[in-house]
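Here is the structure we will look at.
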Amino acid sequence: MPYVNIKVTGGNEAPTREQKAELIKGTTELLTRVLHKNPATTIVVIDEVEMDNWGIGGRSVTGIRKQQ
Amino acid sequence: MPYVNIKVTGGNEAPTREQKAELIKGTTELLTRVLHKNPATTIVVIDEVEMDNWGIGGRSVTGIRKQQ
Amino acid sequence: MPYVNIKVTGGNEAPTREQKAELIKGTTELLTRVLHKNPATTIVVIDEVEMDNWGIGGRSVTGIRKQQ
Amino acid sequence: MPYVNIKVTGGNEAPTREQKAELIKGTTELLTRVLHKNPATTIVVIDEVEMDNWGIGGRSVTGIRKQQ
Amino acid sequence: MPYVNIKVTGGNEAPTREQKAELIKGTTELLTRVLHKNPATTIVVIDEVEMDNWGIGGRSVTGIRKQQ
Amino acid sequence: MPYVNIKVTGGNEAPTREQKAELIKGTTELLTRVLHKNPATTIVVIDEVEMDNWGIGGRSVTGIRKQQ
């Protein structure tokens, strides 16, 4: 019954379909292994956040990537 | 004053504008009826999640729909 | 498969067990009726937020209730 | 280490890149000033929500804007 | 930089401190392995939700557990 | 109409009532100043997360604080 939400940067850093499938599988297995949760009702939602909309250290990722 | 977030699959399973209006109306009325909350400050946010990004049972909805 | 999160004030404004059961039932029925979602995998999570921790109009609910 | 999520209406009410950078900067500074949090690990995520998907007072913002 | 939120039932189904540490470690490793994310800024937040406040199939977990 | 959620560590790192009031006031003013949002319907919700339940760098804050 767990619910998991994963937020990562999107745009040209977005995960591929295969990577997203791996995240869903890996998270569900982790919850089954550690907490014996039922995978059939374990929900995983992945949000891809635009780099203008993700901030860390007081700056957007867009700003950070420009300087790198 | 309540805040409600509804997450459903998007893409070709996305709700229509009319269905979204019904969800907003229905949720707000439910909170007014059950908890006597003020509808004027009740916020409802609907997220439509791509089928690659929604997992259940350890697999993405994209993968599940293919097998159905 | 939908996921719904309902946030309301807790403390001495907290909903009772019966009211929470009604919110869960009502929200699930709404999603079944409007979007034909499967209730068996519809998850509803209710968060009760302390009145110090909920702000509206730039003030906490604790502050607002004191003046009423 | 704080995590902040800001949800605002998108579409033709969406904030500009500059406004989003200001929100990220301002929120991070607020948490540093008030709680002495480390800005280097303070994450801010901004969600722009379509006006059909945001409800207040039991109606979508799309519906509200039409009447104004 | 990812942010992960894991919601599970609490009360007498709550994970132990060791299990929560395993969830944090496992999720962070998954994101490092699959997406090459930097673990140093990967945040994981676990919410333990009271069984009255978690609904599935239109009923609270409290109600479901009673019948089992 | 914005909705803001601020998550910080709780327990013996929890913000005081006054600090929470400052966060609510500061966030609401920021949204009014930058985006001209109406403060009357701006909602801020603060979550205080137990240190066992907050992970960064693959470890819980409880584990990190012990080593400091």
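By letter and in written order, the chains are A, B, C, D, E and F; residue numbering begins at 1 in each of them.
As a working rule, a contact is a pair of C-beta atoms (placed from the backbone, for glycine too) under 8 Å apart; a residue touches a chain by one contact, two chains touch by 3 or more.
As the structure is a prediction and not an experimental result, all values here were calculated from the model.
Novice: Could you run down the chains that neighbour chain A and chain F together?
Specialist: B, C, D, E
Novice: Would you kindly state whether over half or under half of the residue numbers at the chain A/chain E interface are used by both copies, giving same or different?
Specialist: same
Novice: Return the chain pair with more inter-chain C-beta contacts, choosing between A-C and E-F.
Specialist: It is E-F, judged by the count of C-beta pairs in contact.
Novice: Rounded to a whole Å, what is the gap between the Cα centroids of chain C and chain F?
Specialist: That gives a centre separation of 20 Å.
Novice: Counting in whole Å, what is the centre-to-centre distance of chain B and chain F, each centre being its mean C-alpha position?
Specialist: Taking the mean C-alpha position of each chain, the two centres sit 25 Å apart.
Novice: Of all residues in chain C, which are in touch with two or more distinct other chains?
Specialist: In chain C, 1, 3, 7, 23, 27, 41, 43, 45, 54, 56 touch at least two other chains.
Novice: For each chain, which other chains does it touch, given as pairs?
Specialist: Here the touching chain pairs work out to A-B, A-C, A-D, A-E, B-C, B-D, B-F, C-E, C-F, D-E, D-F, E-F.
Novice: Which bits of chain F are touching chain C when the two form their complex?
Specialist: That would be residues 17, 20-21, 23-25, 27-29, 39-48 of chain F.
Novice: Name, in rising order, each residue of chain E that touches chain C in their complex.
Specialist: 7, 49, 52-60, 62-63
Novice: Quick check: in the complex, which residue numbers of chain E touch chain D?
Specialist: The contact residues of chain E facing chain D are 1, 3, 41, 43, 45.
Novice: Taking the touch rule as given, give the residues of chain B at its contact with chain C in the complex, in rising order.
Specialist: Touch residues, chain B against chain C: 1-9, 15, 19, 22-23, 26-27, 30-31, 34-35, 37, 41, 54, 56, 61.
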